[in-house]
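Working notes, structure below.
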Amino acid sequence: MKVTKLKKKSMNKTLNQGLFIVGVMILWELVARAQWFPVLLFPSLSSVFVNLLTELVNGEIGGRLLFSLYLIGAGLGLAVVTAAVTATSALISPIISDWVQALMAVLHPLPGIAVLPIIILWLGTGPQSIIAVIWFSSIWPLITNLHTGLRSVPATQMEAGRNLGLKGIALIRFILLPGAFPYILTGLRVAWARAWQASVAAEMVFGASGGEGGLGWFIYKKRFFMEIPSVFGGMIVIILVGLLVERLCFEWVEVRTIRRWGMTSE
Amino acid sequence: MVSNNEELVIENLDKTYYLGERRINALERINLQVKTGEFINIIGPSGCGKSTLLRCIAGFEKPTNGRVKLRSNEIKGPGIDRMMVFQDFEQLFPWYTVLGNIVFALKVTKMIATAKERKEIAKHYLKMVGLAGFEDLYPHQLSGGMKQRVAIARALSVQPRILLMDEPFGSLDAMTRSTLQEELIRIWKETKVTIIFVTHNIEEAIILGDQIIVFEANPGRVKEVIKNTLSRPRSPEANDFSQIWERIHKLLGFKNRERVLEERNLIRLFQEERELSLLPHL
Amino acid sequence: MKKMFWVLLCLVLVTGWSFAPRIHSAPVEEIKIAGQFGLVYAPLMVAQSRKIFEKYGLKPVWKEYGSGGAVREALISGEVDVGFMGIPPFLIGWDKGCQWKAAMGFVVVPVGLVTYDPNIKSLKDFKAGDKIAVPSPGSVQHILLAMAAEKELGSATALDNNIVAMPHPDAAAALISKKGIKAHFTTPPYLFEELSQPGFHLVVDDITIFGHPFSFNVGVASERFHDRRPVVYSSFVNAISEAMAWINANKKAVANLLAPEFKLTPEKTMAYLTWEGMNYTTAPYGLMGFAEFMQKAGYIKKAPQQMEEIAFENVLAFVGSRAGGRSEIEKIQYK
């Protein structure tokens, strides 16, 4: 009884949201066709989709997307490794823990893109700088969540683990990491979102080298060639990838882990 | 002279904590001998060091002075020869199923080589605590009593010499508690494991223990060791039961009054004290 | 008391301002100009400081934008009436359907590709990882690079994977510190600054690529503005012409006037103003040449067949249309 009701409720929600989005899309098309704004600056949704289709077919947008994903993968991967090392050291040494907390307090509010000028000075332009910006943008949510997560594991679970003879790395691997997983997942979600933002923003500020650019560069270039439908197309691809990763990766993992384990607050 | 059946010996054990300037003598000059297969109960007011003693035996804490010896070997740290069952319901690993919790224990302790065998043994212990058929549930889907049963099964599965139980039934309702007491005795007889069991409840202590060790607080010391030779199964209605009850009751510092009422007050008093004793930690 | 004073002052100002048109004898017309700053924009700066617009009955409203792309978008949305941009960005807009035309040439300046690497003597010497900074994709510099690449390497896009988009000051700093980029396709004063560094040299310059000088910037006005306010339009063209003529006749005075704004010495400003190739002129150079190349290389879909598709009548009259073959000034519109 209850289950079906719940299902119905979530169905209603999805339907409601879907209708809303369709409504916004129709509104967009109507406003564009009414030509209240210059068509050059406000293209119709249909022209955006037609454009997107051609760019999908000619492979340009796919290549850009792959490159963006490569940049984000590299930056996020590095951030995960750094965050893991930092949070683990902070766990072992109270002194390092103080340092990490100080760093988090000072640097977390700083948007990754704000450090771009310095990164360009140090690393020059190009993929390495974008990766650095992504790294900087995504590392703080990761460290913060790992740090809190590792401390949220109940003391009795730790002792139950120690009782079984676990210590050091094994204790971290078998007890602390799964125990901190709800936080880790949140950290990864936030980090992923920030990595995307950083990659697109960084490319639009200095535009990576042409052939090596990702979606940010795509949008940047299209803007200068006044291909505004393509600019919107790039944005739509970013939105779709964000949605897809949220639904197919994060939610998939969440359902199979912390929701099954009863470790969510929901 | 170490006799053959001396399982655990505690010699001149002191445990002192320092909270800033304050010095807390959690345990002072504790001397105890536990024989193999014995069922020991520890009872005492809140803050008298019962948990501390258990944690010293388990190896989670190092004694300030003195030592704990398990069959003549000094204890240096945690080990699966002494398994702890805690009071709180969070001791199970939420990311494993009921079966998974036990299989994991068997796996990391490298007790059992094959996955198939581990599963069988885990099932055996689940059956022992009356949880056959609940293997695939996750801890968050269990009641408090069921969680404690799983914790006991997990602890037993690695075949410890001693089972350390720190108020394992303290958060359960009276009915569940009494069922679990009966089952614990059955399991104890079945496995012949030595049990050291901390409780706040005088009745529980008398029903379970061969020896009842009464503690006093500030500093935490052994006040008296009472041999409990009542024949099992023990019934609170029996005359000699009441005698021991009165004795412990007095030792804990209460005047002779109506028993049931007293028990209730006692629990309330303990609870208040517990809350107070928590304050310095907050 | 003090509050009273401010209230009164505000009242006076507001009433004064709203009655102003009636009080003045000559009508004052507002014109919104996308203003930029720098050596290339000296005519604008001179016109402003010598109040030349006012003389023609114009009240300039200056709007500043961070990039050429933003100037173009401001023109399209009607935020400004006139703006200045390179021929290629102008043509890209025209190709995409912007209702605008060239109102004047603005300045001819030397443009060149500078590197510090002694091994780079021609475009052939650029390797895959060597970054070439241009202000933005589709800029004059980018299109010139494409022209040069087509000529020397056989394909207009041969170096597209080498370009990075960077604003001039950042790119100049990066090149001088030899960090990140190998070369910079740039304009004065960055061109002069970079070439004065030891070992820095030109790989290729505008004349070699294009064949003759071309307008680095042109003045662009929307057709809507031009059609609805013809008097304001022509006043604007005349005001700029006067500013330019004054610059060409009084270089020394201009140097003194602009030196503090550029934070340079008057001597250095003078040197820049009189660098060989600098030419402030409203004559258009190279409008059609860029269009033909860009269409051929695929940067725009259609090229104008006639000048009148992309230039207003004053420009057309200026260039003329010689019977029996192109005149000199007609010829320089082509590559």
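Going by the order they are written in, the chains are A, B and C; count residues from 1 in each one.
Assume a residue touches a chain if its C-beta (ideal position, glycine included) is under 8 Å from a C-beta of that chain, and two chains touch if they have at least 3 such contacts.
If you're wondering where the values come from, they're calculated on a predicted model, not measured in any experiment.
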Category of the chain touch graph - line, ring, star, complete, other: line
Farthest chain relative to chain B (centres taken as mean CA coordinates): C
Chain B and chain C, separation of their C-alpha mean positions in angstrom: 86
Gap in Å, rounded to a whole number, between the CA centres of chain B and chain A: 48
Chain A and chain C: spacing of chain centres that average the CA atoms, whole Å: 40
In the complex with chain B, residue positions of chain A that touch it: 154, 156-157, 159-160, 162-166, 170, 174-175, 178-179, 181, 257, 260-263
Parts of chain C lying in touch with chain A, wherever the complex brings them together: 69, 72-73, 76-78, 89, 92-93, 95-98, 131, 133, 136-139, 160-166, 170, 174, 177, 179-181, 299
Interface residues, chain B side, partner chain A - complex: 58, 60, 78-80, 82-84, 86, 88, 90-95, 104-105, 108-109, 138-141, 154, 158
Residues on chain A engaged by chain C in the complex (per definition of touch): 37-41, 120-121, 123-126, 206-212, 220-221, 223-227
